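See below for the structure under consideration.
Chain lettering (A, B, C, D and E) follows the sequence in which the chains are written, and residue indices restart at 1 in each chain.
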Amino acid sequence: MKLIGIADTTFARVDMGGAAIEELKTLGTGYKVVRYTVPGIKDLPVACKKLIEEQRCDIVIALGMPGPKDKDKNCAHEASTGIIAAQLMTNHHIMEVFVHEDEAPDAKTLDWLAKQRAREHARNAYALLLRPDVLSKNSGKGLRQGYENARPIRE
Amino acid sequence: MKLIGIADTTFARVDMGGAAIEELKTLGTGYKVVRYTVPGIKDLPVACKKLIEEQRCDIVIALGMPGPKDKDKNCAHEASTGIIAAQLMTNHHIMEVFVHEDEAPDAKTLDWLAKQRAREHARNAYALLLRPDVLSKNSGKGLRQGYENARPIRE
Amino acid sequence: MKLIGIADTTFARVDMGGAAIEELKTLGTGYKVVRYTVPGIKDLPVACKKLIEEQRCDIVIALGMPGPKDKDKNCAHEASTGIIAAQLMTNHHIMEVFVHEDEAPDAKTLDWLAKQRAREHARNAYALLLRPDVLSKNSGKGLRQGYENARPIRE
Amino acid sequence: MKLIGIADTTFARVDMGGAAIEELKTLGTGYKVVRYTVPGIKDLPVACKKLIEEQRCDIVIALGMPGPKDKDKNCAHEASTGIIAAQLMTNHHIMEVFVHEDEAPDAKTLDWLAKQRAREHARNAYALLLRPDVLSKNSGKGLRQGYENARPIRE
Amino acid sequence: MKLIGIADTTFARVDMGGAAIEELKTLGTGYKVVRYTVPGIKDLPVACKKLIEEQRCDIVIALGMPGPKDKDKNCAHEASTGIIAAQLMTNHHIMEVFVHEDEAPDAKTLDWLAKQRAREHARNAYALLLRPDVLSKNSGKGLRQGYENARPIRE
């Protein structure tokens, strides 16, 4: 039985963790979910590492929603750097799913975008863990999470 | 008996550590506080790590007040990066509570903001350590520390 | 038998991993290729480390195509920092082959550039692994990957 | 007998290490000084770590004077990041004392500022090592090193 | 017999490694040189670490020539960060000798500057390894590598 960790925040304005879990349910069986909620994105790196090392998760999805200010962009950069370090220290993948508040023109689109990106990265996490062939055959295909895919330059 | 570390600075212009400790007292029992004061925010990462590894703290609250200049923003970035690294090296949470001098329009508001954010993050630290269910049920709710909460997009 | 890892992404719009593998085939024998496709460039650092530590690769080529926005530049910076850290943690080389979408004036040139840079760094990886003398004799020669070489100042 | 390390550079235009040592002499006894001079600030992180791990210093003061250009600011950032990492790897404090050439309007003031900041951080290092109560009672007091202190918002 | 590592690149447009080795020959005996050429500056951190850990070098000189674009500045920053990390992981000095293409007004001056800085840092490496007293007595003297020295503020 594989374990998929979901690390999310009380700071986010959308239940991104819930969306990811819903999506996982549609993909298949053979795994269990462990969810861990922390205050903000800078608390995510160690939360992910604890999910891997203390809860024995095989992969983690880290979901957050940085604000629109410069200070928020810095926080996102620091959190991302920490999430990459946590992966290198554990040899486990952590799918970072960040949606910046200024990526969408209005609240309704932001809500849609946050859930959509969470869902698509949940599919990526599932593929990395249980169906790596799905990723291999899409190498270089311009896939995006949230808004529509870019197209490969030569199809 | 749990141990909560409080790391603060002589550089800050507000007794943020004192505010955090006061708040903790209102939340319950079952823990003791260890306080460690250093000169500035760049001294906080190792101070937190020492609180965890040498004083056996279960969680640490790191409080600081970066100045308003570009140089100060850089210091805050370096300190934040170090605080995340300290968490990854110890598998313990450190709640970073930084209040930038330019986040408030005047000294009185800055004083209020610094203490308010310290208090709210003290509650977060307490919840992470002893009441993780409080965080789980607020996942994606747009919670903020200091100024008022953002609202979740769909309630 | 040496092992060369190829880590690439589904985000890229060009099959850079395929181009690298094609080029390697023209260079000689004495090695096998292990390919690992991940969603985006921020997933590359741990993918490379896993190729080295779990698949026993002797060298890895990490290929990605960051988008043109500021957010994308940040991602590339975070990925690069992680790729350097992965090298330091393993004492193995990882050839980073990133092509920014705004490095070429049009899609056709971007396609050419991405494949050309992948090919030239495949040659570098091969040289580092099996023909270090090829690099030694080109020290200080202004070699570039993709567009044409700069010239050494004194020839 | 405690050991205090002094790491300084040949790049600085003021003998900051000498000023720190002079100040230490006025503070008390019970320690010895080990001085280590390197070319520039980017050589300081490993110099400090060697002072701690190879010379058994209990604390280190790292003194440098970054130039006024953007390139110099980057160097200072890289050095600071390294000094924080060295602290986390050793669980020892390193007092960073950097004076940027553009912090003072003229050479005479720069000379004064560099020595004054070195002296005040020498007092901080001494306090961290031998008199932590001096820091505790100044928590949140707006203390500065070099120019005059900021005042606490509420006294 | 001490070992001095020389790590340089095929990207640089000047034979900086050659200049460093020539200078070392004028300084004395008691050491041997190990040279290792890699494609670009981002390959230098692990190259230096391999020289120290696999070739047993006592000190390394890392020479590179970042281009003039923003992207190149980022590469230099990432490489510098990695070189500092490599030093902290090994407790060995690595002299970073980077010459930015836009530091000189023309190719001839760039050629001179790159070689001159390589030579002066070769002297620094030699001093760190075999004559630390030469550095100690120049503490705070405003020494520069390449262009002329700044003067100490008070002589």
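The criterion applied here is as follows: a contact is a pair of C-beta atoms (placed from the backbone, for glycine too) under 8 Å apart; a residue touches a chain by one contact, two chains touch by 3 or more.
None of these values were measured; they are calculated from a predicted model.
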item	value
Chains in simultaneous contact with subunit D and subunit E	none
Chain-contact steps, minimal, separating subunit D from subunit A	2
Copies subunit C and subunit E touch via same or different residues, half shared test	different
Rotation angle superposing subunit B onto its copy subunit C by C-alpha atoms, nearest 5 degrees	145
Centre-of-Cα separation between subunit D and subunit B, whole angstrom	25
Averaged-CA centre spacing for the pair subunit E and subunit B, given as whole angstrom	41
Residues within subunit B bordering two or more other chains	81, 85
Ring path (origin subunit A; first step to subunit B)	A, B, D, E, C
Residue ranges of subunit E touching subunit C (in the complex, touch as defined)	8-18, 35-39, 42-43, 45-47, 49-50, 53-54, 71, 74-75, 78-79, 81-82, 85-86, 89, 107-108, 110-111
Touching residues on subunit D, where the partner in the complex is subunit B	73, 76-77, 80-81, 83-85, 87-88, 91-96, 100, 121, 124, 128, 132, 135-136, 138-145, 150-154
